[in-house]
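Each in structure tokens, the structures are laid out below.
In the two complexes below, chain A is the common chain; its partner is chain B in one and chain C in the other.
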Partner chain A sequence: MFMKIGSDLRPSSIQPDPMCPDVHHVMSISQETSDIYTLKLQPTERREAVRFAPGQFNMLYAFGVGECAISISGDPTVNNVTEHTIRRVGLVTGTLGSVRAGDSIGVRGPFGTPWPMDQARGRDVLLIAGGIGMAPLRPVIMDVLANRENYKELTILSGSRDPEGILFADELLTWKKQPGVDSKVTVDHADSRWNGNVGVVTTLVNRTVKDPKDTIAFVCGPEIMMRYAVTELQKNGLGKDQIYLSLERNMKCAIGLCGHCQFGSEFICRDGPVFRYDRIEFWLNQREL
Partner chain B sequence: MTHSRYPELSEHAFFAGLDNAAVAAIQSCARDCHYATGNWIARQGAPADDLYFIQDGRVAVVFPAPQRELTIQTLSAGDIVGWSWLMPPHEWQFDIKAVKDCSMMGIDGRSLRAKCEQDHHLGYALMKRLSRVMVDRLQATRLQLMDVYENRK
Partner chain C sequence: MHDADSIVVERQDFAGLFEILRSLGYAVVGPTVKDQAIVYDQLSQVDDLPIGWTDEQEAGHYRLRRRNDAALFGYAVGPHSWKKFLHPPRLRLFQAERSEDGAMVFKQEPVEAPKYAFLGVRSCEAHAIAIQDRVFLEGAVADPTYRERRIGALLIAVNCGFPSSTCFCHSMKTGPGISQNTKVDIELTELLDDEGHRFVFQARSQKGQTIVDRLPARRTTRGDLDAAEALVAEATETMTRELNAEGVRDLLYANLEHPRWDEVADRCLTCANCTMVCPTCFCTTVEDVTDITGDHAERWRRWDSCFTLDFSHMPGGSSRQTSKSRYRQWLTHKLATWHDQFGTSGCVGCGRCISWCPVGIDLTEEIQVMGQSTQGVPSS
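Moving on to the complex of A and B:
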């Protein structure tokens, strides 16, 4: 099912086409939790460095099976290696989870709007992640740590279902040790062997925001959790224009042509996935959209 | 004045908007409490005579299910724990355990209840504040029960 390195989907004379996947070589696959894994990929044919901005996504293609949108979870300062952290939920994510180092998959991208790192400069940065929502926020953390002088305090609030499901658990501990960085983890379900926080991630927002006027919040996770997070952030003094969310909808083309990802007046692949809250507030509050 | 022992507590959000006399009435029922990690603060079914303001550390609200203990939520500095003292049958509904060394201000619920009976303004003000805490907790618990990290299958 997976192509071997060196095989090509198209003649090299053809210009890059956003609908045509580039063949990428799987450098490694590592298990993060029981249902989440990370792929490290490298292009086999592109000469120029593949650059992305935190928050962008690629369309990953399991040959002969299908394609899905996956955020880039790696270091934005490292060229030509792309990391994707993926939760097995269905056919494509399940198939991609069975690749081995040396296999090849197709990659289109990067696509979409990034987290507004320029807006975060000189401010406190508050990241709120639920479950796999940590994946698109990891490049933000790496960018802040690589350019520490550009930002004030970095706070990472991470929620997961149970202690076994905490994504990037070791890294969260390492990041917390960096100056000006705090990370708090909470789980929804635990027995008495767990001494950490129990409760939804939005309960951590209280007493986290120190200087609401000078804070920017990036939120990613299940949509219902993001809505509660927005409420808590607003209660703590953040304005709608200080809150950014990353949204998900089913995608096909990823370039604003097919309409599969339409969300009210927005196309999530083209106008998002990262939106300032006030831009999508109306649509987010419509039922069944 | 008893309330001068807890100067920072008059700045607690819970007390916001209460007049000085009401704050003093609450604080006159207050004492310092410390629980080391692993100690039980309350047990389900036991008489509930206390309201706690957590100043430091972390407590777990635990449901004692057969053969295992399920932690429903944890609370930490700035949070309030315990409202069973206010409503009959005045018994703890859950176990409360210190999961990280805890310093708290404990309020004697029986004295406070008596004060609320005498002074309905105080009783109403307290009831409003505690209801708000309860509603916030209920909302959070609902979200927790939705199991939002499960597959959307």
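Moving on to the complex of A and C:
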């Protein structure tokens, strides 16, 4: 079952004009890696508590420059503060990266389907992230840690290009120390100072799954990495209905009306970004979709 | 089709319709000749209609021709569709101001919704409007501009007597006659024979009834009704193109890697004409602008097309790099995934994409070729 915009779990309501942003105040901006930063935002006009579910995203607007879809990377148990962890890849993400605490930006959202935390209850939770793909999974980790008794083992597999690019590196170490939590990191390239794993993140799956029948996997990263992750998870005994992916496409409206984010028969903004694998299997295996 | 409740308005009384519509506050839009094509624009009088004109269409071909009569609606469809009024090509979404201290204020755009009377809606076009209703009104979030304009609009539909050679509405079950369950306010049929030049009018909604009741008219005769029926029957007969609407969704899903896509891609210029003239294509993009001070910004929405490289822009490059993938996206959306998304085909068989394709790509031909060399059953 997927939640649609407007369902009970969809936390805050859409504004009267769905295309007009709300002003948000930048509380802080912090550099995560050389090209990734995190914005902490607060709404300036408080109408109702702004809440989100792990996996949802906002449309962030840089004044006069444009808007882009960015997943929420903060703590879902805290109201009225949203964090976004953003990689500088273009004009909008570059401009947003040069804001200072006290500035304003425009925000629409939250939008999209969340990770199915209800499906994860009572099970081992396996998170697989590639690069910036850790951002939408961070709220899952926070939710699991805040409600530890609801879940069994939490395993975080994270891949990055090089040791300098490991996102939330300090937090990964902190999380790993929590009872019932394990995290493994791997990098594509490293020099002799790196003592950890080298190779793609999907190679870590083999050594990880303990109880395949009672595991749920949430995967976010480049599409090619997600395809391999699915293959590895299936090899390790997970069914198609135990694997969830978060997909990405160009988005202009985030409300299913502009047509840009179509992925076969799905609108990623409205039917996703989080999909159960069997729902999108057919489309994920098509080229140039 | 008409029944015994319909009335007949003589040609010399047809102008009365304009007066009634104006008195009710409608802005009348309909067909008129401009730049050697029949387009939709604001009309002020009967003489603005394409009197005595028809259109000659083929793949990659559209020409106006003189008719040997003075018919008002004696053509098929032109490059415009009603979506340009309900879903405007350019629309300002909001304005924003930034003050010296960096504070930002957004000014929501008021919805501008003129009260339109659409005169001359073809059956295929009424179906196209119903399809856009599903897209813009029946999803989780409705489009405010479309909603307001659609609620106010009056649809005066005209049964189609002169389909062009690119039409295939009979395959898509969207025409040429207006069926009972097609949502329009008034249905009319233009008759031009030995009995004279006249129009059979029938109210199809309460809103339509109030207008029809005010027209100078006589009751229909059996002869009028038979002539109206014959017109549509003959129109159906003249249609040559066809498309197997039943099986096309599964056919496309089974053939996403068919060699025919490469062959079409060799011809397709990715010019986006087909998406601009399509009455159901709804995609838009946004543009951000600032004034010279940099402190006043606006965001505009405009029609977009899946044929542009930018449409699927992603940080790592566009996801649809080749023209093959973009043509495939358009056609599979229109004829296949649209069913999954909105419970209907996205095609009404109006033939505009065939006529206005500069290289004459014909989707009915592409589907036929794929059907003859299908690569298997769908794997989904």
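Quick notes
Quick note on the criterion: the second predicted complex is superposed on the first by the 273 of 289 C-alpha atoms of A that agree within 3 Å, B and C clash if a C-alpha of one lies under 4 Å from a C-alpha of the other, contacts with A are read in each partner's own complex, and residues count from 1 in each chain.
Heads up, the rule we're going with is that contacts are C-beta pairs under 8 Å (C-beta built on N, C-alpha and C of every residue); 3 or more make two chains touch, one makes a residue touch a chain.
The structure presented is a predicted model; accordingly, all values stated were derived computationally and were not measured.
In the superposition on chain A, contact of A:V89 is made with both chain B and chain C.
Of the two partner chains, chain B is the only one touched by A:G131; chain C is not. Considering which of chain B and chain C touches more of chain A, the answer is C.
In the superposition on chain A, no contact is made by A:L173 with either chain B or chain C. Residue contacts after overlaying the shared chain place A:A101 against neither chain B nor chain C. When the shared chain is aligned, chain B comes close enough to touch A:A190, but chain C does not.
Legend: residue contacts after superposition of the two complexes on their common chain; A:R270 is shown touching chain C, with no touch to chain B. Across the two superposed structures, the residue set of chain A contacted by chain B and also by chain C is 89, 222. Residues of chain A that touch chain C in their complex: 4-6, 14, 16-23, 63-67, 87, 89-90, 102-106, 222, 248-250, 252-253, 255-260, 262, 264-265, 267, 270, 281-282, 286-289. Taken together, the chain A residues at the contact with chain B in this complex read 89, 130-131, 159-161, 165, 186, 188-192, 194-200, 202-203, 206-207, 221-222, 224-225, 228.
Only residues 93-94, 96, 98, 102-106, 108-109, 135-136, 139-141, 143-144, 253, 256-257, 282-286, 288-290, 294, 297, 299, 301, 304, 306, 311-316, 319-322, 324-325, 328-329, 332-333, 336-337, 340-341, 379-380 of chain C touch chain A when the two sit together in their complex. Interface residues of chain B facing chain A in the complex, by the touch rule stated above, are 37, 58, 60, 62, 68-74, 76-78, 97, 99-100, 139-140, 143-144, 146-153.
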